[in-house]
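Common to both upcoming complexes is chain A, partnered first by chain B, then by chain C.
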Partner chain A sequence: MNTATQSPKPRVAIHKFASCSGCQLAFVNMGTDLIELTKLVDIVHMVEVGHVAPEDEQVDIAFIEGSITTPHDVERLKKIRANSHYLLTMGACATSGGIQALRNNADTAEWMRSVYAKPEYIESLSTSAAIANHVKVDFELWGCPVSVRQMLAAIRSLLFGVPPVISREKVCQECKRRGNNCIMITQGSPCMGPVTRTGCGALCPTFGAPCYTCYGPAESINAASFGVRLMGLGLSAEQVARKFASVNNAAPAFSEATQLFSGSAWMEE
Partner chain B sequence: MTSAADRDPNREIRIDVPLLTRVEGEGALEFTARNGKVESLFLKIFEPPRLFEKFLEGKDFSEVPHVAARVCGVCPIAYQMTSIRAMEHVFGMVEDPWVHAMRRIVYYGEWLQSHALHINLFAAPDFLGFTDAIEMARRHGDDVKRGMHLQALGNDLLRMLGGRSVHPIGLRVGGFHRAPTKHEVADLVDKLLAARDTAREFVAWAAGLPCPVDEQDFVSIAIQHPHEYAINEGRLVSDRGLNIAFAEYPERFREHQVAHSTAHYSMLDGSSYFLGPLARMNLNFSQLPEEVQDLSHELGLKFPSRDMFQNIAARALECYLAVVDSLNILQAYRLPSRPWTEFTPRAGVGHHCTEAPRGMIYHRFELNERGEVLSAAMIPPTSQNQARLEQNLNSAMEHFGLDHSDEELCELCEKVIRNYDPCLSCSTHFLKLTVHRE
Partner chain C sequence: MNEMRYFPREKLATLIAAIKEAGYRVIGPRVEPGQGGLVYCEIAGAEDLPQGLSDEQSPGRYRLVPNGSKRYFAWANTASAIKPYVFVPRERLWSVVRKEGRLHFEPTHGQAEKTAIIGARACDLAALALQDAHFLRGKYVDTYYRARREKLLLVAVNCSHAASTCFCASTGDGPEVSGGYDILLDELDEGFIVRVGSSRGAMLMTDFPTTAATTEQIALACAQGEACRTAQTRRLPDEHLLPRLMQNLESPIWDDIAERCLACGNCTAVCPSCFCHREFDNPALNGKTTEHWRDADSCFSEDHSYLVGEVVREHTRARYRQWMTHKLATWVEQYGRTGCTGCGRCTTWCPAGIDFALEANRLLADEEGAR
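And now, the complex of A and B:
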């Protein structure tokens, strides 16, 4: 660990790109645990709480929130990667491109014109990209947003010198453990739990609401077959496509499913 | 020590602060002074265009709250609530009293979380002379922990109805997916009772922070309701005679774009205006519960106020309001037969405004007969406050005088900006301060 400096404590940086700032709140919402955390690590860069370190400052762990949407972002990210021992993505934007990746398949220039009267003032790439599209990522922390527990567990693991435990199982498994009735089976609710990774605590189904893919694709899913099942509940192909085109729309398994149900190719499934 | 030349008001100055810290999100400020006069001074907002209004097109009413929340992780309730209410207007729905009360609770949660975070972690270090709250905690441990305790309580309120505090999942068109159980409410009532004194101490501490005085001439705008300190329902009023329904917003308020910023600027009849806790206090103080008004009087606070830094005391008083009024509502809690109202989607246009922690937010939704979005507009408080903030910076700077060191000028600029609690995540991603003196 502590390769970067002579500081007795490992150094942590939290960087922000295009995002809603909600994942950084996992730190800011720790409450007094944040004070405890600073006894274990030095938070050298986190603009929101008042720490600014130069981008070329060496750190042990860099957390990245947000997706890459401008040419300047790319340069900044490369500098961060070069100076970080471990680089972890934090949340859907950094890990899959986030909700703003919905523009990747759209006519961005046309969209810019419709939102901004003077689009020439705005500098922007035509895509919103995951961090891993540009640099090597050591660990991915999924979720929209990530939770306080996830962040503390990841830091604790790295301090112990072991890789963070990253769960890939489905929301359904967590939902069963909570003893919930399945809302898909009992109410015909179009719940995305069967294709979505756990991490939220099966929050939506516990509230009686259908899951909407905050934690991204789970391991070994069959999105095409599941989409057809959703159509069996009465959804149109277009509605099924929209179900996959949520906050993790650019995660490969979900973007493929979105494309599949946007056309007529699903009929061959 | 600075020499006289460093304080010469006519000197050529160029100050660059690469990142303004302790605000929500990131942005820039540029400041040129020539021959002792402020020439241009503006807040530069680089909003990596996330184009939310376009993502919303084609989504249906059940998906809108999920998408809208993602504009801002700090004030997701503002986005969810305002869009839900705008769509309920399209569907011709009347708000159920239980739903109305619970919407106040979840919004109080967001206010408490956001206000306590702002005062504690963003504003207080400025006035007590620390770079950040962690450093401040070494000297003022109990004060920082008290703020964190209130922030956590806000998150508890959010979680009870929303499931989680960031991007809550409990809200839907018609009301809530799930009603809290009686024992969940009872647990929270206990916490709120225990927090009442903490909140009073917090207000006294925040109101006593050594803030400068910054008398400004501005128009306050807030929602006003006949029977309560408005959050979710009412009419838009100002202290200069504005009194309109939410649907009239587009006729009176205009957005425009400027070269130095990617956020839109809003003007009321061509002039700037001010939103947020101080604007709400200035317009609605008499509707606060008696014990909140009493605390304000005890501490010698006076509303309406033209002193911009009273925004901090106003924000703190709203924390106490959140605790007191949540208690009033939750102590009379009853389970509803169903936590939402039924409806049938139909086509039309709906407008709504609510009071986000930082000030009024406006949404307009046009839906088709299946309840799918044809067009959406969302105008956050930060872009509405932007023109006022720039005027504030200008006049505060002239008042303060350029015969101060660059460092002192910079500090004042930062204090003025933070005082608005701008949520640049809603609209911005990069704030740096550049001062040019020629």
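And now, the complex of A and C:
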């Protein structure tokens, strides 16, 4: 899979768009695996650690952090896609549009005027979009931030020449494997596990906190029934809508759920 | 062997100490505040047991409530008991090392610890027998399961309290334990009636001081079992009717259930007889070694029915139908009885509050109406 000629090792790039850089930080923070990784691949581009390569640099694996929010982003992303063998999204922003996609239903021009002294200098799209809305994505790694274990597993699979295994099951499955009692059942806690994709190892419910939807929608979710259940625990319809409208608010299954329970487009109240 | 003996409550600590002395790690129910309920985990002694608590269970709800008594076992059950200690929900099965161009396979030899489980109920023991029928079956014995199963010591307790979700009387599995234990307790206000059910149990009880249980004590124990049976309001349809579920696969009731079901698989995870699992590999980053793992799986996950490139049970309707028809109907062909022992966990721990026994009754009533 080595597409570049000058290096014997597969080449990896990590690109940033609109994001908090948390996924890149998680990546940098992986510990000794990072040393092992650099023996296997060349990280040719990662601004966070000071490696800067031009966008038309040919790479084998490109990870994309962040969402697409400006016309310039679109151009840059297209170049990256054209020059990358595999393109993977890392994290909620790249995969669904991120928390910043909450603005998708707001009046961007109005917001711009209220925030910036000279809005005419700002060139921005009216939405924060997932990478897949603009280019073909080969594999999606969800999470806020992304799970480094999943990133490494994806790289390992691609090096072996097989597609990464990506599970879409619910957080509940992992929660139960950890031997937890369900906090929704024992405490009426509004845990989003039954609609959220696995990946975190059921981190929050294991410590008694309700799941926040970091990994986006799981497969076959039943948002209508689940939302009604949350209302049975005492949440208002608006609170249910807000539960779905978190870091993955623009993931289709969650934005539909948000609309269902808010009764109107988000952010208009 | 089944002589009924008696010991006062404070001696339970001594019994647990004797079990530890014999080299067992002791697993028992303990209040876990963060988890808001009881969890079977390693306990130091009787002081960790949930004294003076009862449970309130209903579809989708579980609460512990103080009952003012000194009893340790005045509750029905909790999310799990024996299952995770024999069918471990995640375990490494083997690993492979690449050396000199060859692959070397190394099994993870099940070095099971001697484990005692205190407080197993009738439904748990009946379900353990079902797990045995699956994992220890004929030529295809699961050696990982067997290693743990052989080291298991079971201290069972007859139920004196039924939750609203319990229906073991209708499946014939409870509330009294009928077998499969090493030591069996009946908890009374002042102490315990004790019986031994195996030579292992008898060994442990040899030096343990007991007195003969009085007729009065035995009558009290029988009465509380009887009260527990009559307190049960839910029931599964009669076993001979259950195969008819297979003639009702197109009932609109399956759609009605699927409208509520979250396909989260909590029901299968807490079910003491569910045994489905999947295997996966976890290669080291350097690509030189890999580990092969097993996870508990659920028929509510898409991967479970992924066959030759497609998900066979795409819709939740098909997944719920698979779960119920397997548990109540096709299980009989496989294992000679249904897979349900009436513990009610699937109902209590269902975030959508779907009532398994009620739905089974509705489906059969519908079938009778349709024909």
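The working rule: the second predicted complex is superposed on the first by the 260 of 269 C-alpha atoms of A that agree within 3 Å, B and C clash if a C-alpha of one lies under 4 Å from a C-alpha of the other, contacts with A are read in each partner's own complex, and residues count from 1 in each chain.
By our rule, a contact is a pair of C-beta atoms (placed from the backbone, for glycine too) under 8 Å apart; a residue touches a chain by one contact, two chains touch by 3 or more.
All values reported here derive from a predicted model rather than from experimental measurement.
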Fit or clash for chain B plus chain C once both are placed on chain A? fit
Contact-wise, after the overlay, does A:152 reach chain B, chain C, both or neither (first, second, both, neither)? second
If you count the residues of chain A that each partner touches, which comes out higher, chain B or chain C? B
Looking at A:23, would you say it contacts chain B, chain C, both, or neither? Reply first, second, both or neither. first
Which angle, as a multiple of 10 degrees, do chain B and chain C span at the CA centre of chain A? 110
If you stack the two complexes on chain A, which partner ends up touching A:74: first (chain B), second (chain C), both, or neither? neither
Determine, under the contact definition given at the top, whether A:219 touches first (chain B), second (chain C), both, or neither. second
Counting only touches as set out at the top, which of chain B and chain C does A:135 meet: first, second, both, neither? neither
With the two complexes superposed on chain A, say which partner A:235 touches: chain B (first), chain C (second), both, or neither. neither
With both complexes superposed on chain A, which partner does A:170 reach: first (chain B), second (chain C), both or neither? second
Have a look at where A:208 lands relative to chain B and chain C in the superposition and call it first, second, both or neither. both
Could you tell me how near the closest CA atoms of chain B and chain C get once both structures are overlaid on the shared chain, in Å? 8
What is the shared patch of chain A, the residues that chain B and chain C both contact? 207-208
So in the complex, the part of chain A that touches chain B is made up of which residues? 16-26, 28-29, 31-32, 34-35, 38, 43, 47-52, 69-70, 73, 98-100, 102-103, 106, 108, 111-112, 114-118, 121-122, 124, 128, 144-145, 147, 200, 203-204, 206-209, 212, 214, 239, 242, 246-247
Residues of chain A defined as touching chain C within the complex: 33, 36-37, 39-40, 152-153, 155-156, 159-160, 165, 167-170, 172-173, 176-188, 193-195, 207-208, 219-222, 224-226, 229
Would you pull the chain B residues touching chain A in the complex into a rising list? 18-19, 21-26, 48-51, 53-55, 58-60, 63, 66-67, 70-74, 76, 113, 117, 121, 125, 131-134, 137, 144-145, 148-149, 151-152, 155, 163-167, 169-170, 172, 177-178, 256-257, 259, 262, 425, 429
Which residues, counting only chain C, touch chain A once they are in their complex? 32, 34-39, 41, 60-63, 78-80, 84, 89-90, 259-266, 269-270, 280, 282-283, 285-287, 295-298, 301-303, 315-316, 319, 348-349, 351-353
